[in-house]
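Take a look at these structures.
Below, subunit A partners subunit B and then partners subunit C, in two separate complexes.
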Partner chain A sequence: MDIAEFLFPNDTHPHWTLMIVIYPYITGLVAGAFIVSSTYHVFKVEALKPVARFSLIFAFAFFAFATAPLLTHLGHPERALNMLFTPNFSGPSMMAGFGYIYLTYGLLLIFEILFVYRIPMIEMLENKNTPKWRVLIYKILTLGSRDKSPDSYHMDHKVAVFLGGLGIPLASMLHGYVGFIFGGVKAVSWWFTPLMPVIFLLSASVSGIAGIILLYVLIKKWTKTHLDMMTVRALVKLLWTFLIFDFVLEMLEIGVHAYGGTEHWHHIHELLSGPLFYTFWIGQVLILTAIPFVVLGFLTLLKFSDRVVLTLGMISSLMLVFQVLFMRWNVVVGGQILAKSERGFLEYHPLWFEKEGILTTIIILSAPFIFLWILGKIFPLWNDDDNYEIKHQNDHFDNKIHIKHEKNDLIDTKSIN
Partner chain B sequence: MRHIVKSLLIVLGIVATIFLGRHFLTPDSWGKYGHYRADYIDEEANRSINYGENDSCLKCHSEVVDMLKHGEHKTLSCEVCHSPLSEHIADGKKIGSMKVPTGNEIDKTCLNCHQKNVAGRPHKFPMIDKNEHYKMLEIRADHNCNQCHTVHYPKENINKAKSLSRNLREAVDNEAK
Partner chain C sequence: MKLNNFLNNKNITQDVIDLDRRGFINKFLEGTVAGSLFVVVPMGAGDIFHELAEDHEKNLLAMNPDAKYVFIVDITQCIGCGSCCVADKKENNVPDGQYRTWVERYVIDMLENVYVDSPNGGLNGFNEQRTDIENEIRDSFFVPKLCNHCEDAPCIQVCPVGATFTTPDGFVIVDGTHCVGCGYCLQACPYGVRFINEKTHTADKCTWCYHRVRKGKLPACVNACPTGARKFGDANDRNSEVSKILHSPAILTVLKKDLGTAPALFYIGKREEVV
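After this line comes the complex of A and B, so read on.
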């Protein structure tokens, strides 16, 4: 069917701007980074240990700004509370659901960080070289605790593992729910598919892991500190794994639309071959997915030197970080420019200086990096206190042996008596 | 292990704060009739009226409203291009001047509806690209729309000019015969 460019008079421009493009993008980075952290904390993948703490702080830095685009878009940020206080469960209170999951996940993330960092914070608190402002912060964040005993260390560890374990379904829900927000919109045929939450979740993991690789390598190169190639290789493998599922499902979604061939297909077909041709097929699929897909595949399956893995891994990660941004654009803007008449397309050209324009987007996307830098001043991003961990594990081990000896002694004395 | 107990207490505190916040910040009349604030109905009903519609203008400006009724803009409300009545009249007395677009404001006002790239207009609606339009008619770029189109009766002068030139042509033709 020909597209006649017929638009309804009340359907002339998209209402969800660049802000709603970067909202799932930032939330995705949070979920992806948390998955990296939990892969070490819960599943004990030792190779990821060097980035386990960093990815937690990374997740928190982005978490803090996940709702910034939403609140900017809302115009009256305080009205977000109305939705949370008086949700309409019998009707479409989709965003209230997001609010609850976001708050719960936020609490979990904050406490996970506090438990992982409690003993290092006490150590820094007791160190005389620590500046006063940080001492004050540590006093608050350690909740007045000075307990560094091996028992408390192991208890913290258990709590962190528990929170990490609970965090995996919550992080998945957080981002799956973002996909659900789009996938549940019946009126937009480009979004209305049960695959949407899954695709969002997988692309979130891709962007999170790629973001961690990029920042890990960049920060380590910048500060000229030790870069663990085992970690980079493990992250590259993890990235490829998630990319496989992400890419396959994204293509399957198009396949389902095309083969299903509902009355909406002609419109989606025109969308993909018209307004979205360059951003979807050329940008997202051909350049930003196919190339990293092949490169990461080779890096995972064949043996290459550290230099090659580092260079190609970095380039692929950079491309994938943009791939996910392109995906968010194609979903959010693509779905909205489908005219409700199904006979044409709306137009959306973000401006540099409008309220929700390109400049605002750049500011909101840079904010988490600045916040990460500030957090890095408070929470050491890298496991520099490993010695402490090993020392305490040994202490604990010694204690157990000691207790055993005591018991044996007791038995011995008893038997003697 | 006291820090674990403290952490749990903090979480409980946060949850309690949320419920307290919900208790205090939810409007009293919420949910009286349905999923909305019942007071809102009265508040909306008691809002002062801003717009008076064309009949209010007719009382003093009958000549302009009469002109409007005969032209293409007959369905337009005066207050679309001028200000709301409430800025001009209160309790039957004039309290301020009505906004009258002049110069380039005129063009902006016209193009609010007639700009060519405004999407979703009916098929026969006259949509104008100002540059193209002026070029085609060989008009200087610094001219404004109202120099040809009477704003209250857009085709008045155009139609007069057309009939004038037709009459002239006929007269010349008759003369030639």
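After this line comes the complex of A and C, so read on.
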């Protein structure tokens, strides 16, 4: 029996387009970067120390623009605060929780940054070479504190560990709930799976870690400063770990769906073998997942020179950053082009100059990088930019490991080049 | 007097139709008088409109939380004339290309191929035959669609700001002044009845003409249907037509039952091909 195409007259084009594709993408980068930072702060993975601060600032830069695509999308952005004032908790609406989780997470992120940067900020405040505008900012952000004693350093450290620990479940919630927004929609069979929040969370971690690797290496190469290969290797391992779970769960989800073979699966099957064939199977799975999966596996399991790790790690990270963007597209747009009439597919081709078009997307996705650059002027992105931590190494329980790393494994970018 | 009868019996069908004739004449006279005054005393026109609005409020009936309103579509009666769609569009000022209700035409050929279409939502009726069907046609029928006013409405569940809600008398309504236009309800509705109104930029959908029902009138589409394919009333009122149908041996089904939305829109004669 052939099924001739028919769409419900109101269901002719996807309503959630590029803005809603990049919104989970941005929050995913936030969550992923925070996980990198907390892996050092909470789980004491020393190799990640050089990017621990940067990850926090990276997370904040993207966090600041997480609502930009949403506000661009809303029919009435001026009513956006209704979500905070009259949240629908009786449904409950997953979207209603966003404002609260987003704000709580934002506060935590800001406090974490303030505690991690308190002493460096005091040092820069007291440095006579610091420009006046920055001194003013530091005066505000240190809230009048001038205490640089080892005791206060340890206190900062304790608070940062606590906030980092609290931040892991909160960052997971922030992104897990984004997955819930899609996973809870029973009307869209491509979305309706309990695994959706988990898959979103894991792919978020993948994109965040990959983003950190890319920017760490690029910025260090660009500024011709000290690049820690231990860190790159540790990040590559972390990236592969998350990729394994992400990829396996995504495939299992489809596998179980297919095995069950319900009516819904037949629609999904048509979707995956039809309009989503190139973006899902070829783009997301075959090229952007399978290749980095194998490459990162080799990089993790076998010994390679720094140059190989750096080059292949960069390429894999770049591919994975796009893989997650493809995944968001395939979920968000894919679910909507599945017609609710169950007879065919909707069409969607983004335009360059529409309100939620490609140009707007590029602007919103570029904004966090510009903001990151501005933030970098205020908060030194790298731990070796100030000497305070080294001065206090004696107080730190893990100083031996750190010194060992410094002696043996630190490689100047120049030597790699 | 008729109004009192209506309140006492809650027999929403015949009484309301009678009431509607009177209502029409009343409104016609009101309109004529108001219109002529508008010409004569242009400066005071605002007051006239204000008075008319007050009169509107006076006509509102008390909410009946004990009622269980249901909508029944008898597919075997629908002739695809599109009167319901025209009435709805005019009553609710629905923008072109968006639909609070529509009619689908199903054509099934001898090889069990199913062809569905709904040109302009059935607004112009179905005057032209499909020419793309090669095989002999076995069967053809029309299926009117509208909001299901689900008891467990997914659109209400997902609305982040509570702009969509169920009234105490069971209608699923959108508060256009509170809606943020996020479109989550459009995703959640399995029936595709919601749209973002291109004029207001807020979610919009069929209300079963709640504004009319609260004045003792029938929904505009029910009122306009020449064959009685659309029926509306209180299922808890034993004398209502819908109650009689619900208690009859007629086979009533709902759309996408497995999604557990518990629609209050029932179909008589819905084939399995209808989604």
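One rule holds for everything that comes next: the second predicted complex is superposed on the first by the 383 of 417 C-alpha atoms of A that agree within 3 Å, B and C clash if a C-alpha of one lies under 4 Å from a C-alpha of the other, contacts with A are read in each partner's own complex, and residues count from 1 in each chain.
Here is the rule we go by: contacts are C-beta pairs under 8 Å (C-beta built on N, C-alpha and C of every residue); 3 or more make two chains touch, one makes a residue touch a chain.
Since this is a predicted model, take the numbers as computed values, not measurements.
Asker: Taking the superposition as given, does A:P9 touch the first partner, subunit B, the second, subunit C, both, or neither?
Answerer: Once the two structures are laid over each other on A, A:P9 reaches both partners.
Asker: Touching A:N88, do we find subunit B (first), subunit C (second), both, or neither?
Answerer: The answer is both, since A:N88 touches subunit B and subunit C.
Asker: Check whether A:S145 is in contact with subunit B, with subunit C, with both or with neither, and answer first, second, both or neither.
Answerer: first
Asker: Look at A:F111 in the shared chain and tell me whether it touches subunit B only, subunit C only, both, or neither; answer first, second, both or neither.
Answerer: Only subunit B; A:F111 stays clear of subunit C.
Asker: When both complexes are superposed, which of subunit B and subunit C contacts more residues belonging to subunit A?
Answerer: The partner with more contacted residues on subunit A is C.
Asker: Output check: A:V185 vs subunit B and subunit C. Expected answer is one of first, second, both, neither. What do you get?
Answerer: second
Asker: Classify the contacts of A:F98 with the two partner chains as first (subunit B alone), second (subunit C alone), both, or neither.
Answerer: second
Asker: For A:A80, is the partner it touches subunit B (first), subunit C (second), both, or none of the two (neither)?
Answerer: The answer is second: A:A80 touches subunit C but not subunit B.
Asker: Please identify the positions on subunit A that touch both subunit B and subunit C, taking each partner from its own complex.
Answerer: On subunit A, the overlap between the subunit B and subunit C contacts is residues 8-11, 86, 88, 90-91.
Asker: Quick check on the complex: what are the subunit A residues that touch subunit B?
Answerer: Listed in rising order, the residues are 7-13, 81, 85-86, 88, 90-91, 103, 107, 111, 114-115, 118, 142-145, 147, 151-152, 155, 159, 346-347.
Asker: Show me the residue ranges of subunit B that touch subunit A in the complex, using the header's touch definition.
Answerer: Within the complex, subunit B contacts subunit A at residues 1-4, 6-7, 10-11, 14, 18, 21-22, 25-26, 30-31, 35, 118-121.
Asker: Going by the contact rule set out above, which residues of subunit C touch subunit A in the complex?
Answerer: Residues 98-99, 102, 104, 111-118, 120-121, 145, 154, 156-163, 178-184, 186-196, 200-202, 259-260, 275.
Asker: Using the touch definition up top, name the residues of subunit A that touch subunit C in the complex.
Answerer: 1-4, 6, 8-11, 15-16, 70, 73-77, 79-80, 82-83, 86-88, 90-96, 98, 181, 184-188, 335-336, 340-343
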